[in-house]
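These notes concern the structure reproduced below.
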Amino acid sequence: MVDLSVDLGFLKLKNPVLAASGTFGYGLEFKPFYNLELLGGFVVKGLYFNPREGNKPPRLVETPSGLINSIGLQGIGVEAFCREILPQLADLDTAVIANVCGEDEDEYARVAEYLSRHNGLAALELNISCPNVREGGRCPAQNPEATYRTVKKVKQVTSIPVITKLSPNVTDITSVARAAEEAGSQAISLINTILALAVDPETRRPKLGNVMGGLSGPAIKPVALRMVFQVSRAVKVPVIGMGGITSATDVVEFMITGAAAVQVGTANFVDPDACLRIIQGLEDWARSHGVERISELTGSLKI
Amino acid sequence: MSSEIYNMVIDRNARLVKVENSGDYFLFTFESPEISRLARPGQFLMVKVSTGVQPLLRRPISIHNAENSILQIFFQVAGEGTRLLSLKKPGDTLDLLGPLGTGFSIKPEFSGRLIFCVGGGRGIAPLYFLARKLNEAGATPVIFYGGRTAADVPLKTHLESAGLETLTSTDDGSLGFHGLVTSLVEKELAARKPAFLFACGPEAMMERLAEICQQKRIPGEFSLESIMGCGFGACWGCVRKIRRNGRTGYLKVCQEGPVFPLEQIVWQEDENG
Amino acid sequence: MVDLSVDLGFLKLKNPVLAASGTFGYGLEFKPFYNLELLGGFVVKGLYFNPREGNKPPRLVETPSGLINSIGLQGIGVEAFCREILPQLADLDTAVIANVCGEDEDEYARVAEYLSRHNGLAALELNISCPNVREGGRCPAQNPEATYRTVKKVKQVTSIPVITKLSPNVTDITSVARAAEEAGSQAISLINTILALAVDPETRRPKLGNVMGGLSGPAIKPVALRMVFQVSRAVKVPVIGMGGITSATDVVEFMITGAAAVQVGTANFVDPDACLRIIQGLEDWARSHGVERISELTGSLKI
Amino acid sequence: MSSEIYNMVIDRNARLVKVENSGDYFLFTFESPEISRLARPGQFLMVKVSTGVQPLLRRPISIHNAENSILQIFFQVAGEGTRLLSLKKPGDTLDLLGPLGTGFSIKPEFSGRLIFCVGGGRGIAPLYFLARKLNEAGATPVIFYGGRTAADVPLKTHLESAGLETLTSTDDGSLGFHGLVTSLVEKELAARKPAFLFACGPEAMMERLAEICQQKRIPGEFSLESIMGCGFGACWGCVRKIRRNGRTGYLKVCQEGPVFPLEQIVWQEDENG
């Protein structure tokens, strides 16, 4: 028997595989495909305080081995989430994580505070790294001070553990990670999407209604691994790695590189049961490689 | 979440049993009993076109027909994904996700009534299944099938030999009515008025049809296309602006559509304007 | 007849297609495949003052639609280049551009100064953006001040036009581009490779001898286009775009987005005559699209 | 730059005329007159395995034989690239770049002498062409062909029926000598000593052979593998540490090799140590 569980300190997961925010709806969308309780957990779609329209379509464009999206966090807002969705998720025996968004530092705190009044959330993931909402793709995670302030404000209003999600669109990801850690973030998750552009040569227009968008999928895996490598050596809190994971060996690579757990994003679109397949694959991999506890992999990279 | 969403299946072993081809167009016949059983006209599949990560996403393709555990799709090669798909051979197994979306409404009151089904180019794909079911429901479907040139209306005889009244048009007059399919519909409307109009095709065709329907007070449902990430409501990538219950907002084409009542559709030109 | 020529101000090119540094050897390697004079030009492999060993192998790893390299600028040094190679290139009727490297700001100036004593170079491209030589992938192009100083020093010792090549591994590429422009750089080229990591799950070792490397190829095209978009709106000097170009339509996309010319990198490895094919394809594209002068494309993106 | 580098060609239309297959191993026969004419033993091709960008790079594959405008390669499926290659069918055209690299030295003084050619697994690939040419040069080649199990020595009869003396070994004893091919070479050396030894195979095999050759003072040339970006000297990605003319440095395997005199090779373990 392989022990797939991982312990993040503030949270014990059945297995290291979480579904990533924005690629797993509110979780319910995946119920037709498998029992959600088989997951390590899942992160729901980004939540602002109020409902949001999202960006103008087209919102998706494929690129070589990748996908650019500019959804722009269309969503129902935190009140409707707590009223309509959370009750359906709260009793699930898996880690349900909310993805907290904000137009400014105060909104992050307001959303976190509102969520904290409800039961059923294992953690809050602060999405300070979405490239799709502000002009020019800017976000708090591009600046250590803004990161520190945002995390600090949220920590003051919630007792739910906080994960801070970082942006790859930075010169030095370690300084942002350290700022989040100092402000009390109990884990770091990364990477969010890479700011990108696609152009239609026929119409001479951007292919996305919102001009720029965020690149995800296998194309970005080497960049994500590099950042997990850098961040896991810079902070003491656990790192949750993501970016282009489509298989169990991808998970093994992220864990070896330094991730305590992982998230699977774009792959959920291609195979609705991708997470399940990956968890099963991980168990097979561990067995065939004589690994008894999957958590042993974390940070085992030999340099 | 609506309950029909639970009626979707991943069939990783849909066996391709027949490939028919005419120019850029392909008619594939699969054995896929579960999806076939669940399918209704206007629904679609998400088809995996590669075994690797390139192209990454599945491709949305309408269900052309579903009958006795077989499932058919009709598609045009439009880019890399459909090109890869077109290379599949009988005996290959494909990975299909479906049936997806809401489908066309076949209402009891259609019985004994005339129904127009208008398809432009590859937009003909879902109309065969629809017309067949309309027939079964006692309605009288007439298919309008337009294309740029004769090569773009390859399903003509296929439709006719299924006993469906089929009026064709080509932009260059090489087959059937010389002109746009919308003009053919207008011409026909002078003679007979349907109780309902279904349409699937290029945006410009459908926008023009919507005008015609509004003028003549013909209710209808149109099947829209949009670029899809998942096909089952998880990505919010496929939205279109829809006017429903007095509110206008972005709705998911894959889940709330692809078929929408024509009066709910906000045409893209208006949206950009 | 389509006019493929483009005018960078300081340099007129027959066509907008240059071969990118480090992917075209010293040019001579491609002579067996076509007449180099058909190119807009080419940039030779990075030159330090002294010969360099380069990094420990393995130096290459493929990733989805991409390639990570950690060559580490193995090369013959500027003296041997001027003695043995440049004389073979100097008479070519095409733009020959040297790629100038340095361990520190002074070395850039020394290399530039040495090159300036020789004939045959149309421009110097300052490679302040190689992720493969310093610890942790750092480079001057990650900092506007270091960029300014380096360009300034080089400008003081040379009268050959200077192109500054930027790194994508930054939070805000426009500030670096503006620093280079202010220091007198006559053009900006971008992007160099994205810092990346690949791990072998079996050995638990990095796949590259040098641990991290630089990601190139189609996978990075959307990121490169985004940065060309941002930089071309931030500076007045011409932008030379690159990153994942494999076809004529890729070139069209870069030009529409804001590039005055482009460079083709990794594609040269796959098809030794890639540049030639792309130039021919560009002419065909222009003809079939009624474009009489290719330079009209530059910056024609409709937003 | 050496002059032989000009003797390479991109053949975009190399027609695959025959596919022979045994387990993981494939023997492909192409019609590729120009490359065939230029090819010498030990040289290799860069083979395009996909039409898209995934996998991005060509794959280096040795020339197994070149004769009368035909060109053969022998390869083992090792990953995605060789898997895609293995799916090609007779009639398909492939894009080949070659011949590349320096090749084995067939010296006049080999005439009348005994030459050992040692191949492990897929490393057998270049040795058939080599042995054939050694024969033509009046030498007496003996092929040593080792694999893990009988399934890994599929070319045995192919070699024998070409009249080449072939000694086989398998790690599990399922065919030929029971043990490593290096042990078989040692055993044979007790009986007869060759004038030269050529080798191609796994690193560990070649390193052990190098020791044996040095002990017994047998000169030799070994064909090395390394991950290649371009295959023609443009990327500096394929380097190995080589000791040549008293200096040790990184030389390009694609251009200065893949064949190196055994005394020049710095083995990777030493390099890491």
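As written, the chain order gives the labels A, B, C and D, with residue 1 at the start of each chain.
By our rule, contacts are C-beta pairs under 8 Å (C-beta built on N, C-alpha and C of every residue); 3 or more make two chains touch, one makes a residue touch a chain.
Because the structure is predicted, anything quoted here is derived from the model rather than measured.
Participant: Farthest chain from subunit C, comparing Cα centres?
Facilitator: B
Participant: Where the CA atoms of subunit B average out and where those of subunit C average out, how many Å apart are those spots?
Facilitator: 47
Participant: Between subunit A and subunit C, what is the separation of their C-alpha centroids in Å?
Facilitator: Centre separation, subunit A to subunit C: 34 Å.
Participant: Could you work out how far the Cα centre of subunit C sits from that of subunit D, in whole Å?
Facilitator: Here subunit C and subunit D have centroids separated by 36 Å.
Participant: Counting only residues that touch at least two other chains, what does the list for subunit A look like?
Facilitator: 64-66, 217-218
Participant: Do you know which subunit B residues sit against two or more other chains?
Facilitator: Residues 53-54 of subunit B each touch two or more of the other chains.
Participant: Tell me the shape of the graph of touching chains, choosing from line, ring, star, complete and other.
Facilitator: Shape = complete; every chain linked to every other.
Participant: In their shared complex, at which residues does subunit A touch subunit D?
Facilitator: It comes out as residues 64-65.
Participant: Could you list, by residue number, the parts of subunit C that touch subunit D in their complex?
Facilitator: The contact residues of subunit C facing subunit D are 22-25, 28-33, 45, 53-54, 56-62, 64-67, 69, 71, 74, 217-218, 246, 266, 268-273.
Participant: Can you tell me which positions in subunit B touch subunit A when the two form their complex?
Facilitator: Residues of subunit B touching subunit A: 1, 5-6, 8, 10, 48, 53-58, 97, 226-230, 232-240, 249-250, 271.
Participant: What residues of subunit B sit close enough to touch subunit C in their complex?
Facilitator: Result: residues 53-54 of subunit B touch subunit C.
Participant: Going by the contact rule at the top, pick out the subunit C residues touching subunit A in the complex.
Facilitator: Residue list for subunit C touching subunit A: 63-66, 68, 136, 142-143, 169-172, 194-199, 201, 203-206, 211-212, 215, 217-223, 225-226, 229-230, 244, 249, 252-253, 256-257, 300-303.
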